[in-house]
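In the two complexes below, chain A is the common chain; its partner is chain B in one and chain C in the other.
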Partner chain A sequence: MRERFASGFDPFVLPFLIGFFFVIGYCILGIVRIMFQLSREDRRMFLLSLITPTTALKNIWDIFANCLLHVKLWKRNKVLGFMHSSIAFGWFMLIVLGHIEVMLYCPGRIHLFYYPIFFNYFVAENESTIGGAVLFFLMDFFLLLVLAGIALAIIKRVRSRIFGMRRTTRPSMLDRVGLYSLWAIFPLRLLAESFTAHISGGSFLTIPANWVFRQFLGNDLHMLPTWWAYSLALCVFMLVLPFTRYMHIPAEMMLIPMRNAGLKIRHARKGFARVEVLSCPGCGVCIDACPMSVKKANLKDCTVYLNRQLRRGNEKRIEEISDKCLLCGKCEALCQVGVEGPALRIAQRERRKYGFSQDYSGIDVAPMAAAAKGAKVLYFSGCMTRLTPSVGKAVCSLLQKAGVDYVWADRDEGLCCGRPMLTAGRTEQARQLIRKNEEMILGSGAGTLLLSCPICYKIFTEEYNLPGVRVVNYVTFFNELVEQGMLKLEKGDLFYVYHDPCELGRGCGIYEEPRKLLGRAAGITEAPKNRAESICCGGSLGSLTLDFQHREAMTLNALKNLYESKADAIATACPLCLATFSRYSERPVRDIAEVLDAQSHV
Partner chain B sequence: MDKVLIIGGGIAGMEAAGQLLKLGYEPVIAEKEDHLGGHVAGWHKLFPDMMDASALIEQLASKLDGATVYLRTRVAYMNRLKDGYSVMLSNGTGLVCRAVLIASGFRLFDAAKKEEYGYGVYDHVITNSDLEAWFNGVEDFRVPENPRHIAFVHCVGSRDLKAGNPQCSKVCCMTAIKQAIEMKEKFPDAEIWCFYMDLRLFGKKYEDFYINAQRDHGIHFVRGRVSEVGEDIDGRVVLKAEDTLAGTQVKLKADLLVLMAGMLCNEDTATIASMVRAAVDSDGFMRSRDNIYRINESNRPGIFFAGACTGTKTVPETVAEARAAALDIHNYLSGND
Partner chain C sequence: MIDFGFGLSRSSAVRLDEVDLSLYKRLEELEPQVRTCIGCGSCSATCTAGPWSGMSIRKVILNLQRGRDIEKMLSNCMLCGKCTMVCPRGINTRHLILSLCRIYEKK
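What follows is the complex of A and B.
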């Protein structure tokens, strides 16, 4: 081993150093800013979590598994998983091995940031030693891995369909600069190391390449310019990184510990939300996921574009995108990074100032509370069930057949659960409604609150404070009644496909129970896109601006997915899905309660 | 003698056939149901003269001597020839004719699709056509013995984007008033309420009906849509609505709720149109050459329209259009164009 230059310096490292210090400086400043944007208790919670051993270990593992190995992406799409992990993990290993080399052979240079990167230029090592051979082999191996990833990336850019993606994002100008410089880095590194291989040593990739080049080049004049080019490519990539989607690389390392600490979005632009926005890699998985993307006009309204506009600060588009969304949550379910698209939008809606705000605090709940008194089970149907009377009727019929002591709380008069107000960003109005309903429910003395609408169920489990009251969705409740032998079901001949409502499935994580329940009364088939990937019916209350023509296209698209199951009829567990589907469906649509009611006997 | 195929044996098809006979043609009616007269055959009385619907059908039928009528028959296929159309009917009859009149009419909106009104769910909710059938003597357990309160809801599935049908059905405002008066005459003690968005009373004597209904029959008109319908323990229908003129909320218990189901394009319209590549309009109805001067003409030579296949129409409009279509066909066939 010998160092080729006593000074250990060459001017070509300067571009790299400029880019490197720029990125590091930018990230440190960014971290400081975000830390100050957090509320006092959030900050405390976050810092505490960093020194709690279990969370700290989880952080390290999550960063390793998600940022480097892309485990989640592998599960979803093997080719994309390989592409991302080969680039990320390969590059990471190149950096680690570079540092090992420096530490082994010239520990005195470790304080020079560029030494591990340009090791082969500065140090002439002989691969005949075991250590050299192994290290050089590993360096070439990981370089090959990265190059394979880059090759896939280039193919993907040209033909995304090969990778199972119908649509990908249109990169912005700076994204393209970042992309092309990223593509350039590794081929240039291969060239640079190949040109130097007869001096500094190499392995299975660089030595043959060196031999080939020497056959027709015959001199070493290309060596230095190639190292310059490699350094410049690194410089360009690092200089544009903060302003491109590649910012997700450092941002995700911040997002994971923050999420593990239990932080929530409190402001659409600041703190945790900012980290989420920066963590968006712009992969475009959410474009295909978004139910609105059946209409070309809505293609640019999915989460990846919201994140882009939030970075740019384009207020008009941010508002448009935030208001249009159905809040079905599919983008969040499929997001590899875990960007909470719906929560970001709700936080954005909360920022709006309204000229007029409803005041519900004056509503007298005494008559409603009086009507709700006197039974163990309080059935709260909610507005949507009242608009689809067949559901409420079936639920009551089942309760009567099972001999449950119940009372229909809002049969005559009732208040909204508050979820539509909450999703519209009118938190104060939602709070008022929640307080009123809490008063009514606690005043009734019932021990169980039964809900047949998943929209209500979500807010009742998440936002209500009802000590001593069990909040239960009707699918859970009816399953229990059947298991206790209080409700007798007979299996019918019809085959149903179960549609997972957004609020019950992705919203509350209830996927198995409705299938179990439906399976007791009928045959079940599955649609190609189901469970977390179920397609929103298009009727969601989440959207503030979407009109019926656009919604119709979504409903028809969701139905097409359900028809593919070849079932006789469609079953769902949400009155809003029921109402939306039955307007357009060619096959009968039933609520689970209606199916059960038809198949039950006293 | 020239044969003319008439698709649909409702009042439009019947009137056109009668006129074509007089002009010396051989009309062939293909009707998918087992009787002539279409929707009107199921109706009781027609506004504004309160003429018996059956009397109109009888008059129209009396002029059909010599016409070929195939019941329970659909058009299996229809091909364009150089000068005319070759048609195969579902009963196996084949014919070649130079002109085809499409008089396929409309279908009634399925009121069950407006779940909030509880049609098919609650015991005492019926539609306008159910009520006409009951007037005609068809037994209906949903109509109570002696109703004290009766409510009519206008615009069920009409002018309703959510229900996928933005256009006005034209006849329901007047039908509701007519039926309300008829019910009041049957049950003088009943209180009758009509919930409407707008009252579109454009025809001759329609406004008189409205004034009569209020002045002589004491029928209440509430401007506002019904938001939801429930059922109380006695099985009575509970309506919640907003009275937008008074600015208050209305809650009403009724013994009978009548839904004014609107008119939609017939499901078969698109199939028939595609056979001869006739254009279908954005509302799903057939597209006329224009909507002012050539409503009876399609964009294809020899294909003519009459009645509600091109849009919602009243009975007199349909009959007048059928007559006009017969003349158009005559001019086309005799080369007078």
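What follows is the complex of A and C.
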């Protein structure tokens, strides 16, 4: 091994150094800013989690598995997984191996940031030594890996359908600059190392390439320009990185420890939310996931575009996108990075100022509590069940058949659970409703609170404080009744397809219980998109601005997915889904309680 | 005038030239759909807040058109959205309430 230049410097490293220091400086400033934006408590929690051994190890593993190997993406789409992990992991290994080379052969140069990157220009090494041969082989291998990834990326840009993506995002101007410079980096590196290979050594990729080039290029004059080009491509990429979607590379490394520390979005623009927005890679998985995408006019209202507008600070569009969303949570369920689209939108809605605020302090819950007194099980049907009375009737009929001591708390009058207020971003009003309901439920003295609406169920489990009261969804409760032998079901001949309501499935993680329950009373088939990928019925209260006429296409699309199962009828466990589907469905739609009621006997 | 201890009840006539319709006008700009309301009362019939508070969107819109106070009724809306689901004219009443809350100025 010998160094070719005593100075260890050449002007072509300058562009790289400029880009490198710019990116590092930008990221450090960003981290400091975000740390200051966190609340005192959150900051403490985050810093503590960094020094807790278990979370620290989990952080390292998660960063390795998700940022480099893209394990989650592999599980979803093998080709995309290979493309991303070959670029990320391959590039990472090139950097690591570069450092190992410098440490082994010229440890005095390790403080020079550019040395591991441009090692082959500055050092002449003989691949006949075992160390050189292995390292050069590995360098060429990982370069080949990255180049394969880049080739796939180029194909994906042209024909995204090959990769199973129906739609992908339209990159912005700067995104394109970043994209093309990223594509350019590795072919240029290959060229530069190939031109230098007869001096500095190489392996299975660079030496044959060097031989080929030497057949028609008689001199070394083109060597320096390619190293300049390589350095310039790196410089351009790093200079535009903070302003493009490639910011997700450093941001995700921040997001993972913050999420593992248990931080939540508290402000739509600051702290944790900011890291989430910057972590969005702009892949566009959420475009195909979004139920609104059936209409072309809504294509730009998905989470990826919300993140883009949040980065740009386009207030008008941010408001539009935030208010339109159905909050079904499918984008979050499919997001590889874990950007919480719905929570970001609710946080944005919370920022709105109102000239008038509802005040429920005058409501007297004593008569409601009195009406709810005297039973072990308190059945709270919620607003939506009262709009679809058949569900409430079926639930009561089942409870009677099973001999449960119950009372229907809000049959005549009751309050809303507060979830619609909460999703509208009016947290203070929702809190007031929650307190009133808590008063009513605790005043009734019941030990179990039974809910037949997943919208209520979600807020009751997440936001309510009901000591000594068991909050239970009716699918869980009826399953228990059947298992205890209190409710006898007879299996019917009809085949049902079960539609996972957003709030029950993605919202509360209840997927298996309704299927188990339905399977006791009828045959079950599955729709192509089910469980976490179930399509929102389109009736969701999450959207503030979507009108009836604009929701129709979404409902029809969700129904089309259910029809594909070839079932006789559709069953769901949400009164709102029931009401929405019933309006347009060609096949009968039933709530799970109605199906059970028809198949049960005393 | 002689005080008989009783009198004629006050006229409930609405003089549209005299009442303040500015709130309704501003709402119309934000929510043009409000013009299509036929006052059928489906919203009032389904309202969760209705039974215990007298909340009724039909009345809210009517009172706005007559320049009357809506504060008490509006104060009980819980945004549950049932009125939107039953509206035969497809008016997004839930967003209408939010818009109203936005532009409302306390007197």
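The rule we apply is simple: the second predicted complex is superposed on the first by the 602 of 602 C-alpha atoms of A that agree within 3 Å, B and C clash if a C-alpha of one lies under 4 Å from a C-alpha of the other, contacts with A are read in each partner's own complex, and residues count from 1 in each chain.
Following the convention adopted for this analysis, contacts are C-beta pairs under 8 Å (C-beta built on N, C-alpha and C of every residue); 3 or more make two chains touch, one makes a residue touch a chain.
Remember, predicted model here, so these are calculated numbers, not experimental data.
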item: Chain A as common anchor, with chain B and chain C clashing or fitting; value: clash
item: Contacts of A:T525 with chain B and chain C, given as first, second, both or neither; value: neither
item: In the superposition, chain B vs chain C on chain A residues touched; value: C
item: Which superposed partner A:L387 touches (first chain B, second chain C, both, neither); value: both
item: Chain B versus chain C as contact partner of A:E552, first or second or both or neither; value: first
item: Touching partner for A:S582 - first (chain B), second (chain C), both, neither; value: first
item: First (chain B), second (chain C), both or neither touched by A:D412; value: both
item: 80-88, 98-106, 206-214 or 224-232: stretch of chain B that collides with chain C; value: 224-232
item: Contact residues common to both interfaces of chain A (with chain B and with chain C); value: 386-387, 412, 547-548, 579
item: In the complex with chain A, residue positions of chain B that touch it; value: 112-113, 115-116, 118, 120-122, 161-164, 228-231, 238
item: Interfacial residue positions of chain A with respect to chain B in the complex; value: 386-390, 393, 411-412, 547-548, 552, 578-579, 582-584
item: Residues of chain C touching chain A in the complex; value: 33, 46, 48-49, 51-53, 71, 74-82, 84-87, 90, 92, 94-95, 98, 100-106
item: Touch list for chain A against partner chain C, complex; value: 352-360, 363, 383-384, 386-387, 412-416, 418, 420-421, 424, 426, 429, 433, 539, 541, 544-549, 579
